[in-house]
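Read through the structures below before going on.
Both complexes below contain chain A, partnered by chain B and then by chain C.
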Partner chain A sequence: MRKLIQTFSHLFLPLSVMILLIIINLIKGADYFSISLVNGALYGNIPNILFGASELVILSIGMTLVTAASRGQDISIGESATITSAVFVMFVLQASEVTLFTIVIAFLLSCVVGLALGAFNGTLVSVFKVQPMVASLILFTGGRSIAFMIDGKLSPILANDISNQIGTVIPGVPIQTPIILTVVFIVLVAVLFKTTTLKLYVEAVGINPNAARLNGINPKKIIFLTFLIMGVCSAVAGFIAVNKAGRHDSVNLLKLIMMDAILAVAIGGNSLGGGKFSITGSIIGAYTIEMLNRTLLRLEIEPAMIKVFKAIFIIILMVVASPVVRVFAKKTLDRVRNWRSPSSQSAKLTTTNIPTRKEQ
Partner chain B sequence: MASVSVIKPKARLSNSNILFLIAAVIFVLMYIFALISYPASFMQFQTFFDLFNLNAPLIIMTLGLCIVMIGGGIDISIGSVCGLITMACAVFLESKSGSIGGAILIALGIGIAFGILQGYLIAYLEIQPFIITLSGLFLAQGLLTTLHKDPINVTMPAFVALRDFDIVINWLGTKNRLGIFIPCEIKPGAIIVVILLVILASLMKWSRFGRNVYAVGGNSHSAMMLGINVKRTIFITYVISGLTAGIAGFVYIMTTGAGNVGNAAGAEMKAIASAIIGGTLLNGGVGNLLGAPIGTLTLLIINELIRAAGVQSNFQAMVSGLLLYFFIVLQSIIMSLRDRRKFSVSLPPWLRLSDKAQKSSQT
Partner chain C sequence: MKKTLGILMILVMLGTGFLFAAGQKESGLIKVGIVNLPPEESGYRQANVEDMNTVFSKANGYDAKQTNTMDNSEQIAAAKGYIRDGVDYLLISAANASGWDDTLKSAKDAGIQVILFDRAIDTAQSNYQAAILSDMAYEGKKAVEWVLSLGLDKINLILIRGQMGSAAEIGRSAAVLEAAKAGKLNIVADGTGGDSWSLEEARKVVEAAIAAGKDFNVIYAQNDGMAQGAVQALQAAGISHGKGGKVKVIGFDFNRFALRNVQAGYWDADMQCNPRQAAQISEWIKSGKMPSGVVYQEELLLTTETITDDLIAKWGINADPGKGVITR
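== the complex of A and B ==
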């Protein structure tokens, strides 16, 4: 039981935010959880959130690892995803006949490109000791024009049945395909963490690279590995995003998603300064951000004002979760307890068996 | 015994200075390269002044950002705050009670307000700077679109006069294609850049506050042990950053004369890039404010060169990314070689940087 409480204590922040948002939504309208069946697929608020946040969830998993190991953030994830999806789209379009096999090959190819991009950033960070944010600034600056070069500026359209099904629904399956893909990805990551010592190593490197090195862990290798995983994550996210959109728009695909991904990591209760991390927290954080966006839309706030409310919400959230406020709250709670204590303490003294033990 | 003499602390150039030196050398090399390859455009003095005239807001923002980065933080809200200020000033100037003095007050007020809010949250509540300034970015963008969505062209006569005001240098200038002599023009924004640069650089170099910022950025724990008020120092860096964003906003509207939703969009990333090229490290504690304009100008000259070379527009970003890559790798290689102390020892004696510096510092 105590172990359970310990694991849930760091999820307190994201879960409480999520519950708060659900309550706001329920006040707005009681039909928040209603789900309807349209064309053989489930639609409603909750499936929409799961559908909309799928890329963000995948990217925030990679971002958590990078943040934990290298104590910095990768700001080029949206650009990497654009490049990998450009490769995917061009491979699919040059094929004469689009089958499932072509899609899989194209996806694997885009994963290889993602690995290469991750290796680029990872080399800069681990070998050249460049700050992650600076290292990824390079790809952030040039990434979209590389994607332009690959897709030929024409924003090609993916008009085939299979990618349409990947983007929306497979006939006969009631859940949208991106949700299924996200769940599969999360399960794969969970298996990776269960079967290997990756989590321990990443945390050790993040807390103190020198101590990790003295204990036989190669920090360079671990940081490089996290960036490779980040590359694969951005390839998968780009794959989902481009299939959802149906066309490859180099300018706007996953634009500024790194901000949301970093926010998801922070809301998930992880430190942005590296060290211990919780993937579950980041996943919940990512869903929370999507829920927040949709809640603001649902409350019929003017589109111009949405960002203001988002900012105020985040600021309040971070203030409540900040270490200073936490210590202050703990102190006041203790004071309240002490103030109430005289009666309870005396009661305790009579009921406990300390005096009897002394007598013995 | 050469290596022993190298280790002496006074003898070595500090990290700030060597990074600044690298940036300056690269800038000079870039400019000479530009002069040689495109003499027609770069030989004109006006080209050099235009770098300042048109990009004064970016340089001012970079100055503020550099101070924050030396203090170990980061501020990504500056671009949006600058955009918000241009729009607020434009709306105010177009209203009936608009005046230039009021607009300046509004610009500084909004900038300082953002600085105080973010600084308080980051310094005293110990929240991660990235998140707070990110929400500051959202807040400024949201306020901007709430305030006004459509572009406003300021038509107030007094402001238009200020916008078109140039300082003309008669004895410097070039003849255009028709042989008519055109004197050089300097916008007031460029003057503001120089004034701010002198004030802030001397503040960081010689004042107690500036040294505190370096100490806090280098290691906040030991700074606290030395009796430095860490929280207040960090707070003030963010206030200065907000102030410079405010000044940058006013300079921006003074050059363009219009409020627009897209004003200064993405300027924060440009400012971060130029601060890094200028030799400021993101971990804090290292950097030289004089590097800020040099970094910005290097970035701008790269863009000018790419434009002069006639590279397709969509390759421009790629080429500037590539050049950024070279800078970053070069900086890191030099830094790591310095750390191992093999670099200066392996060089022939007449090239040893540290020995030379040692001699000059001793004499």
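== the complex of A and C ==
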């Protein structure tokens, strides 16, 4: 029970934000959760959110790991995804006939490119000790130009049936393909973390790299590994984005998505200074951001003001869910609990509060 | 160590020697300095830079140098460099409309003719020879004329704007807002694709309108990518569009994929924004008939009826997916 409460308190921030948004949406219209079947696929606000957030969810998973281990952020994720998807598109276009096999090979190739880009950033950060944001600034600045050179500066078109089905729906399957791909990716990540000790290692490195090294964990390796995972995440996100768009637009593909990804990590209750992390939180955070974007549209805020409103909303959310307010809420909760069960003494509870957390 | 340094020095000297030799060979050509934005800026710019490269080539009798940067001060530095080099013509598409006065004056003093393209500069007209621009307000007016000519009983329009405050957004929105004010059409949803004219954002705008149960029959998206996003939202919601469909769709910019979509009746119309000023400028230079002041380019609006393969090949920008291929 206590463990359950603890995981819940970890997710307090993202969940409270999401619930707040749901309430706002329900006030605006009670039909918020309604889902219908259009052309054999589920349609409604919720499927739209799941569909729209798929790239962001995948990228925020990688961003969480990078943040946790390297205590910094990778700001080149959108550009990495643009490069990997350029490779994907060019491989598909050179094939005489596009089959599922071509797509899979092209995707794997783009993953390899993603790994290479991740290794580039990872080497700069882990071996040369460059700050993650500075290291990834290189790709952030030059990435789109590199993608240009690969795709021939002409925004090539991906007009084949399989790509279209990956970007929309496969006939006979009632759920849009990007949603399925995202779920598969999340499951794979979950399996990775359940079967390995990666989470523990990443957290150890993030909390104190020197202590981790003394305990036999090589911080360089772990940081490098998180950047490799980030590279794969970028490749998968780029794959989904380019199939959704049906053409490779080097200029605008996933532009500035790192802002939302970093925000997702923060809303997920994770410290941007590294250390302990919750991927579940980041995933909820990513969906929350998508929900927020759509809520602002639903409230019909005029286009010139929409960004201001987003900023104000995020500030309010971060303050409401900040540790200061959280501690205050916890204290009030404790007080209420004590008042209800007079046998326990309030003074004792507040003093034992901190040591019991340490034991965990 | 000294040896390597010595070898390096010799190499450098040889290199510069070759460069000078190459420079001398090119005499007799018209010297042109081009200051432009980088192709990464937009699909429009990709076509624009490409066009500059092909027109102002050695084969066409030009010795052209190009600087593509988004930084205004870098652009000014590059322009000053070209003035020092003594180019015959200076072509500028400025990142920022202000801060150019001194540079333009020194070009004038040096007897260099300055031609602005695509983007205007806030300065006295005497500071430059000519400017060849796209008239965004004209584009908007032409597109709205088309919308009004559709013969719909009541026009319920979704306006999807580009980057707020950009010249293209202001010009292309103005005509719609004016028509709405005059009661000629009704704007049911007013959204933006944001700073990157984003397909995804445009899709969300239309999805929000659908979720709110709004009845609409025209989508006015201020670039092709956003029109594509809007149509994706219609497709997912099972709303018919294009030729014979309920919702009429218009995009801007003349990307070839968009024109093919219009040709296939998947969309209804596309409004041109012509990035190919180079041929016109070259004609002015070669014929010696240099105009003065601002010259607006003629721009086309193509519909499912008026579109042809030749027009797509001639005026379209970026990759051509091929006839009959729809980009969803």
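Basically, the second predicted complex is superposed on the first by the 322 of 360 C-alpha atoms of A that agree within 3 Å, B and C clash if a C-alpha of one lies under 4 Å from a C-alpha of the other, contacts with A are read in each partner's own complex, and residues count from 1 in each chain.
Quick note on the criterion: a residue touches a chain if its C-beta (ideal position, glycine included) is under 8 Å from a C-beta of that chain, and two chains touch if they have at least 3 such contacts.
Predicted model only: the values in this text are computed from it and were never measured.
Peer 1: In the overlay, answer first, second, both or neither for which of chain B and chain C A:Ala159 touches.
Peer 2: A:Ala159: touches chain C, not chain B.
Peer 1: Could you tell me if A:Ser16 is touching chain B, chain C, both of them or neither one (first, second, both, neither)?
Peer 2: Neither: A:Ser16 stays clear of chain B and chain C.
Peer 1: After superposition on the shared chain, which partner residues are touched by A:Asn218: those of chain B (first), chain C (second), both, or neither?
Peer 2: Touch status of A:Asn218: no partner.
Peer 1: Answer with first, second, both or neither: which of chain B and chain C does A:Leu139 touch in the superposed model?
Peer 2: Touch partner of A:Leu139: chain B, not chain C.
Peer 1: Of the partners chain B and chain C, which touch A:Phe148 in the superposed model: first, second, both, neither?
Peer 2: Touch status of A:Phe148: both partners.
Peer 1: Under the stated touch criterion, which partner chain does A:Lys255 make contact with: chain B (first), chain C (second), both, or neither?
Peer 2: second
Peer 1: Applying the document's definition of touch, where does A:Asn208 land relative to chain B and chain C: first, second, both, or neither?
Peer 2: After superposing on A, A:Asn208 lies clear of both chain B and chain C.
Peer 1: Kindly classify A:Gly246 by the partners it touches after superposition: chain B alone (first), chain C alone (second), both, or neither?
Peer 2: After superposition on chain A, A:Gly246 lies in contact with chain C alone.
Peer 1: So, does A:Phe128 touch the first partner chain B, the second partner chain C, both, or neither?
Peer 2: In the superposed model, A:Phe128 contacts chain B only, not chain C.
Peer 1: Using the superposition on chain A as set up above, list the residues of chain A that contact both chain B and chain C.
Peer 2: Looking at chain A, the two contact sets intersect at 144-145, 148, 153, 302-304, 306-307.
Peer 1: Applying the document's contact rule, which stretches of chain B touch chain A when the two form their complex?
Peer 2: 74, 121, 124-128, 130-132, 134-139, 141-143, 145-146, 149, 269, 272-273, 276, 281-283, 314-322, 324-325, 328-329, 332-333, 335-336
Peer 1: Which of the residues in chain C end up touching chain A in this complex?
Peer 2: Touching chain A: residues 38-43, 46, 50, 161, 164-165, 189-192, 194-200, 203-205, 207-208, 211-212, 225, 228, 232, 235-238, 255, 257, 318-319, 321-322, 325-328 of chain C.
Peer 1: In the complex formed with chain B, which residues of chain A make contact?
Peer 2: The contact residues of chain A facing chain B are 72-73, 124, 128-131, 133-135, 137-146, 148-149, 153, 259, 262-263, 266, 271-273, 302-312, 314-315, 318-319, 322-325.
Peer 1: Provide the residue numbers of chain A that touch chain C in the complex, in ascending order.
Peer 2: Residues 29, 38-39, 41, 43-45, 48, 51-52, 144-145, 148, 152-157, 159, 164, 167-168, 176, 244-247, 249-252, 255-256, 293-294, 297-298, 300, 302-304, 306-307.
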